[in-house]
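Paired with subunit B in one complex and with subunit C in the other, subunit A is shared by the two complexes that follow.
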Partner chain A sequence: MRESHIMKIHYATALAAVGLVAVHILMRLTQGFAESLEYENVVANYQFLPYAGLLEIILILLSIHGFNGLRVILLELKQGRVYEKAVSYGCLAGMIALIAYGSRTIFMVNMGMM
Partner chain B sequence: MAQAYEIDEKKTPTSKTITLRIARFNPEHDSDTTFMDFSVNVEKWTTVLEAILDVKQHFDHSVAVRYSCRQATCGSCGMVINGKPRLACFTKVSELNSDTVTVEPMHNFPIIRDLAVRFDRLFNTHHKVKPYLIRDDSEITSNTTKELLQSPEELEQFIQFSNCIKCGLCNSACPTMATDSSFVGPQALAQAYRYVADSRDKGKDTRLKIIDESHGIWRCHFAGSCSQVCPKGVDPAMGIQFLRGYMLGFRS
Partner chain C sequence: MNPHDEHKEGIGGMANPRRYGIERVAYWLMRLTGLGLLGYFIAHIYETSNILRGRVGWEEFLDLTQTTEGHIFMTLVIGMCVFHTVNGIRIMLGHGGIGVGKPARPDYPYIPASQNSRHKIGIYSAIVLAAIAMMYGMAVMFGE
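Moving on to the complex of A and B:
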């Protein structure tokens, strides 16, 4: 993938995340902070599909943006063909793993496993 | 360890004595840079290059410094003067407002000796962006008298970038150049913009492709130090942002 395409995705995910995290924070403000983190409320949030979808999208956006940011930092830190390939594929793997782990929580709640 | 030398010349009523600290380093013998201090008399019009040449003439002819035109045209005498990359021939000692003037080789360049640095990387990256007009050969070769006309507005788009003298000060000031040994650098990127923005050029896509790689234009963090140090008034940071505009589809 061309670097310009990657950076377009990087900027777009940042902008989208700012908007969606703002919605997420506004929704959290409907409850008190301690109440918001109670087990039943967290599970209820995950079971409310539109909100669970929002959280899932935020997870994907931030994972893409964050891991690409990490890739850029590491590429500037050191150079070398093998190192750069390792960093690129390592960050891609990390991103996929984080999305999979976060999504797993949402799926488990909705499948009644929690 | 600093060594001190003092000039034994008669001072004129308008002259002033300053300490010139020169970085000395020979990669063949030395493991570290040392500084040698020289007391030199300067007038208000004396440039840093003239002060260095004074030292070479009177104290130590082995001080290595590259220079040529002495009028900020050749771009040979770039060095770090009191912590900032500048042209030694274009910097008066009096404008530094300091009794001590420290001169070091440019950052982000391998040192040949003392103040002389290697320009291989700069010239390679400059060459890489194809710094010439790319056109269909037939347009030029079939009629050697053909003129490629431009309007003043079209010229305005790139004219300041034509002032680049390849002195390397922008690359020396760039923080990304310090960490990323493969980064194209502000000098080459500014030159890429100079030709991309030229209405006579047809090589835009080729050049944008060259700089659109993992160590290309996207590694610029817009610190803007390149534009601050340019002795010719070129604004590489702006050129880089314009180039990004082409790539993001804001410019065509």
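Moving on to the complex of A and C:
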């Protein structure tokens, strides 16, 4: 994929994440910070399908943005065919692993598998 | 060809905040906050997975974060998040050609048109907004 396309994805994921993370934080503040983190509240949040969907989208957007940002920083430090491939595939693997791990939590709590 | 490339400074060259004024500081902070936020995001995904351990597991882990140190750490995360967002929007606008000035003949002292007051105000605004958000975050977390 061309670097210019990757940067457009980087910026698009950033802008989308800003809006959705704001909603995620507001959910904590509407109830009171400590109260919103109580076990029942957190489980209820996960079991409310639209909110679980929001969390899944935030997870995907931030994983793409975060690991691409890490890739950019690492490619600024050093260049070379093997190094660049290793960094790109390493970051892709990290991104997939994080999405998989986070999705597991969302799906399991949403379906009551605790 | 000289095998030692004196221009290749690695992390030291990238992180040196003494060059190019506030723009270099912003460049440095952008990467530092980005790495910090990625670290926090990974930790947050792990932290929230403790809900699968049931009420006891969740409350045990939550107790670790609901401390003075935990609140100070969260305050830093808020500051990093706000700076990264506001400065990121400034960079996006700059990459889109907004606020970088018009192309002109390079004359002494060769100050780039893009390093102008509009972008400097953007950087300082990001720092000030991050400080305000940190104070608000502390008021919410320590106020309870």
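Here, the second predicted complex is superposed on the first by the 114 of 114 C-alpha atoms of A that agree within 3 Å, B and C clash if a C-alpha of one lies under 4 Å from a C-alpha of the other, contacts with A are read in each partner's own complex, and residues count from 1 in each chain.
Here, a contact is a pair of C-beta atoms (placed from the backbone, for glycine too) under 8 Å apart; a residue touches a chain by one contact, two chains touch by 3 or more.
Remember, predicted model here, so these are calculated numbers, not experimental data.
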Just checking: does A:I96 make contact with subunit B only, subunit C only, both, or neither of them? Give me first, second, both or neither. neither
For A:V23, using the defined touch cut-off, is the partner it touches subunit B, subunit C, both, or neither? Pick first, second, both or neither. neither
For A:L77, select first, second, both or neither according to whether it touches subunit B, subunit C, the two together, or no partner. both
Quick check on the superposed pair: does A:A86 touch subunit B, subunit C, both, or neither? Answer first, second, both or neither. neither
With both complexes superposed on chain A, which partner does A:L59 reach: first (subunit B), second (subunit C), both or neither? second
Counting residues of subunit A touched by each partner, does subunit B or subunit C come out ahead? C
Once chain A of both complexes is superposed, is A:A12 in touch with subunit B (first), subunit C (second), both, or neither? neither
Go through the superposed model and pick first if A:F67 touches only subunit B, second if only subunit C, both, or neither. second
Considering only the touch criterion stated at the top, classify A:A44 as touching first (subunit B), second (subunit C), both, or neither. neither
Touching both subunit C and subunit B, counted on subunit A across the two superposed complexes: 7, 11, 76-77
Touching subunit C in the complex, subunit A uses residues 7, 11, 14-15, 18, 21, 29, 32-34, 37, 39, 42-43, 46, 59, 62-63, 66-67, 69-70, 73, 76-78, 98, 101-102, 104-105, 108-109, 114
Subunit B - residues contacting subunit A, complex: 176, 179-183, 212-216, 218-219, 247-248
Where on subunit A does subunit B make contact in their complex? 2-4, 7-8, 11, 72, 75-77, 79, 84
Enumerate the contact residues on subunit C facing subunit A in the complex. 10-11, 14, 31, 34-35, 37-38, 41-42, 45-46, 48-49, 51-52, 54-55, 58-59, 62, 66, 81, 85, 88, 92, 95, 140-141, 144
